[in-house]
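Chain nomenclature is as follows: A, B, C, D, E, F, G and H, assigned in order of appearance, with residue numbering initiated at 1 for each chain independently.
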Amino acid sequence: MELTVYLAGEIHSNWRDDIRQKAEAKQLPLLFTGPMEQHDRSDHIGEEILGPQADAIAKDEAASQINNLRTQVLLSKADVVIAYFGPKYKQWNTAMDAASAMTLGKPVILIRERDNHHALKELANKAQLVVENADQAIEALAYIFE
Amino acid sequence: MELTVYLAGEIHSNWRDDIRQKAEAKQLPLLFTGPMEQHDRSDHIGEEILGPQADAIAKDEAASQINNLRTQVLLSKADVVIAYFGPKYKQWNTAMDAASAMTLGKPVILIRERDNHHALKELANKAQLVVENADQAIEALAYIFE
Amino acid sequence: MELTVYLAGEIHSNWRDDIRQKAEAKQLPLLFTGPMEQHDRSDHIGEEILGPQADAIAKDEAASQINNLRTQVLLSKADVVIAYFGPKYKQWNTAMDAASAMTLGKPVILIRERDNHHALKELANKAQLVVENADQAIEALAYIFE
Amino acid sequence: MELTVYLAGEIHSNWRDDIRQKAEAKQLPLLFTGPMEQHDRSDHIGEEILGPQADAIAKDEAASQINNLRTQVLLSKADVVIAYFGPKYKQWNTAMDAASAMTLGKPVILIRERDNHHALKELANKAQLVVENADQAIEALAYIFE
Amino acid sequence: MELTVYLAGEIHSNWRDDIRQKAEAKQLPLLFTGPMEQHDRSDHIGEEILGPQADAIAKDEAASQINNLRTQVLLSKADVVIAYFGPKYKQWNTAMDAASAMTLGKPVILIRERDNHHALKELANKAQLVVENADQAIEALAYIFE
Amino acid sequence: MELTVYLAGEIHSNWRDDIRQKAEAKQLPLLFTGPMEQHDRSDHIGEEILGPQADAIAKDEAASQINNLRTQVLLSKADVVIAYFGPKYKQWNTAMDAASAMTLGKPVILIRERDNHHALKELANKAQLVVENADQAIEALAYIFE
Amino acid sequence: MELTVYLAGEIHSNWRDDIRQKAEAKQLPLLFTGPMEQHDRSDHIGEEILGPQADAIAKDEAASQINNLRTQVLLSKADVVIAYFGPKYKQWNTAMDAASAMTLGKPVILIRERDNHHALKELANKAQLVVENADQAIEALAYIFE
Amino acid sequence: MELTVYLAGEIHSNWRDDIRQKAEAKQLPLLFTGPMEQHDRSDHIGEEILGPQADAIAKDEAASQINNLRTQVLLSKADVVIAYFGPKYKQWNTAMDAASAMTLGKPVILIRERDNHHALKELANKAQLVVENADQAIEALAYIFE
């Protein structure tokens, strides 16, 4: 049994590499998916595919159509979602992906730094598991296969 | 036909009063619900009902259990959700409420200041309608009854 | 028991008046809803609420956000959908409303002129009932209350 | 990860070949499905299997039973739907297939010529992505695998 | 709290009167619905509304479109379904109505004569309650209000 | 807005009276439902309606058909479920009712004595709120209306 | 793409062999499932696994528990259901299986002799396709793969 | 066709080995999953991954987050659930797992000792099959493949 894990969260740091390496080190049968991780490509994908847009808002709307297409397809295939909230950024799409997964009945593992606790308290309460780092998330996934 | 509208968003400003007054001025058959609007009560409700907790995180978890109970019940009764994102605060619970509603098939009207556009672009793309102020949200609701 | 009936279809002719009058004449306990029936208002509602848009496509997108908000709310309240296809116009939104209703498990009564049969054959096959005029649709609804 | 893509739309032109060739050129792991593409076979399949029917309407009803059987099975297996609206034809079954997919939570990529924009505006608003040609649709699908 | 009870089953005998009278005698807050009980009207409703049909099969198809419209609307409003299987008739529509209700999560009370047990054993196993007469069905409904 | 609250739990003590009195004292708009509270009637209802059964197991099966009919109807109408686990008894039907409600997306308030914590830990983790007495449950419900 | 087809219907004749042979002759990628086809084993499976039962009704109830377990598992895996109604027998479980599949959104192909038309008219109206023999059913399935 | 079977129930005895050995002896194509079977690991997994907790209740809550994550993932993959209730222990999580599966439309085979019948009567009534030992459960699963 292989599980598919969607890695929702910021694309400004390399936290996903950490997750992937730890899973590989443990040889867990996990297939990781997630959003486009190249920040520039994610922001410009709308104009790259659809051509120049009227203004910054139209450009963002074009990009988000395509980013959400990717997310909707990959989220529908996911068995588990890991949602990471770092110390910076608004990360509203991360919150959206996590809540969509919860409402669809998919379990969410929330990784959050202690500082974010108060602002994340309602999301944390709805998540199946709240951890503080990638190691803990991977240990919990490994536990499913024991 | 009366519609129930859940007002998701920050409880630090009085934006809901604005919405309610404008709906009343137009005599629209709308019943508004939403989260606890007294900020202190919302933060302390866990300890007020369940008693003192071990630390700040446990206190937040206790409060969010009860805040989410309220939201889950009222969201299940809502025909439309208005989600307001102001210039400050992380507002991750607002993003969670909006995404839960969308996934349940309920239409969401997003009110966001222009400055928030980039960070909100994926949520905006999933919302049924994106506006910039309360007047526009109310006009859109009024249009349903014309 | 009162039933709510959504009247999907073109807003260029007065076919809905016919339906409503016949239901009233039979004193059927039906509440009719449907799209905005003033054609100009429906086309311009985007700019009227959201202000001037960049071009014709952006104007149409703004209007359809608000028209679809109305439809989503009213369709969710409907017990039955009547979808009328007249001899002119593409009426793709009518086909969309009918198919959405079917997929949600709501029965659809299709009113179509004979000339439209071939192009409508797949929709007709999915509809619960296919008739040729308003009288027949109303008689079928009246039969529910006998 | 392989994705299944249902190609809804007219069967009078060879637009599907274009899509398939471009996907193959990019070596994308996509499995394409769709309706019967031989127009005559699609129109006559009812009588071919069920025998002669009473009149043109009965013949169309017989054919659409079998065409819809095919569509229902293949749509249920699809991860993404591409819906193409060309300059001619009513294409109500395309609108029906697109709306069914949306209501089932499957993302739809709409390909439409600029001329069709006004008539398609409500469907376009509900689609996850709106493009103008096959290249753009394929680039968006390719983006999911990057 | 009032409950709506759909009475699925043959329309050749007056078993529904028995149910209704017993409910009334106990003053239970029950609203009963069900199929058209006039057998001739049920068989001819297709031609009465849609006009003469090509043959007996087309006539039956026309009638069943309208009978199923009625059933779909009323079943969607029902809190409980009572399905009665008498000693005669094939009653396949009764089995269909009962199974549809079960699959939708609505409880079914099956009334069956002892003689029918073997042929009904799979339906009986899926029903929430199996009784042998109207008195027992009404007592079970009364128990909900105690 | 009135809410319906299903009171799942043992019928050997009068804990429901406590809940009802406290809600009444606060004049909360709550409608309480729940299982048959007369223990003997609940155990014997199968034979009372269906007649003598072959043995104790058949008698229990007959009773549970009718008790589950009641629960299924009333649970489908509930906005919130309160599940009480007292110090005695296995109370597996209470766990079943609570889990059914959770899976249907209805919020569950768990009342459990401290002693039961270890055995209830998985249910507690899935409940929206865990409290230790009726006062706390009522305060949480009152909070929804503030 | 391989499809799974559940063959609902009587187990007194060998109609399934006919279907399977025709599918094999056409080399269609179909996996056929269905109920236990040995009539005696189907009737006695309850006592064979659970031991002697109190009476004929208890024996039937025991058998149907196990027959329905098989059906529920296999139906959940099916892409298409073929339901055959022969000239004899009540076949209420066949009607139940067909209606369950329909309500779950799975397409049903109904095979019925002409004589059964009147009694089957409501089921026929809900089926995606109605044919008169195995050849036609197989041709329709083959059409999905063309 | 391979089926996945989740084995819900106590982890204090080796009843699962019995099931697995009997399935292997019959060479049934079954993949068995279930909760962590090492009792100490199950109780301590919260602190092992998340670190020391404030008290016994917090420790239990931490463990149940991770145990429920495992169960939610594996239950979502299951085709059938076997739920075993032994003579000791409260086993409320077993009742929760069984009821969750039922509500999701997955068939449940209940294994219970005779002594537990009265307390389990409502769960037994909802289960698709009730047996008294592992042999009977395996024979019923084998029957699906005959």
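In the analysis below, a contact is a pair of C-beta atoms (placed from the backbone, for glycine too) under 8 Å apart; a residue touches a chain by one contact, two chains touch by 3 or more.
Bear in mind that the values here come from a model prediction, so they are computed numbers and not experimental data.
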item	value
Pair with more cross-chain C-beta pairs in contact, given D-E and G-H	G-H
Cα superposition angle of subunit A on its copy subunit D, in degrees to the nearest 5	90
Centre distance in Å when subunit A and subunit E are each reduced to the mean of their C-alpha atoms	49
Chain centre separation in whole Å, for subunit G relative to subunit F (CA means)	39
Approximate Å spacing (C-alpha centroids) for the pair subunit E, subunit G	23
Touching two or more other chains - residue numbers and ranges from subunit A	65, 68
Touch relationships between chains, expressed as pairs	A-B, A-C, A-D, A-H, B-C, B-F, B-H, C-D, C-E, D-E, D-G, E-F, E-G, F-G, F-H, G-H
Contacting residues of subunit C [partner subunit A, same complex]	54-55, 58
Residues of subunit E that touch subunit C when the two form their complex	31, 33, 36, 41, 45, 48-50, 65-66, 68-70, 72-74, 76-77
For the subunit G and subunit D complex, residues of the former touching the latter	1, 3, 79-80, 105-107, 109, 128-131, 136, 139-140, 143-144, 146
Subunit B - residues contacting subunit A, complex	56-57, 60-61, 63-65, 67-68, 71, 85, 89-93, 95-100, 102-104, 114, 116-126
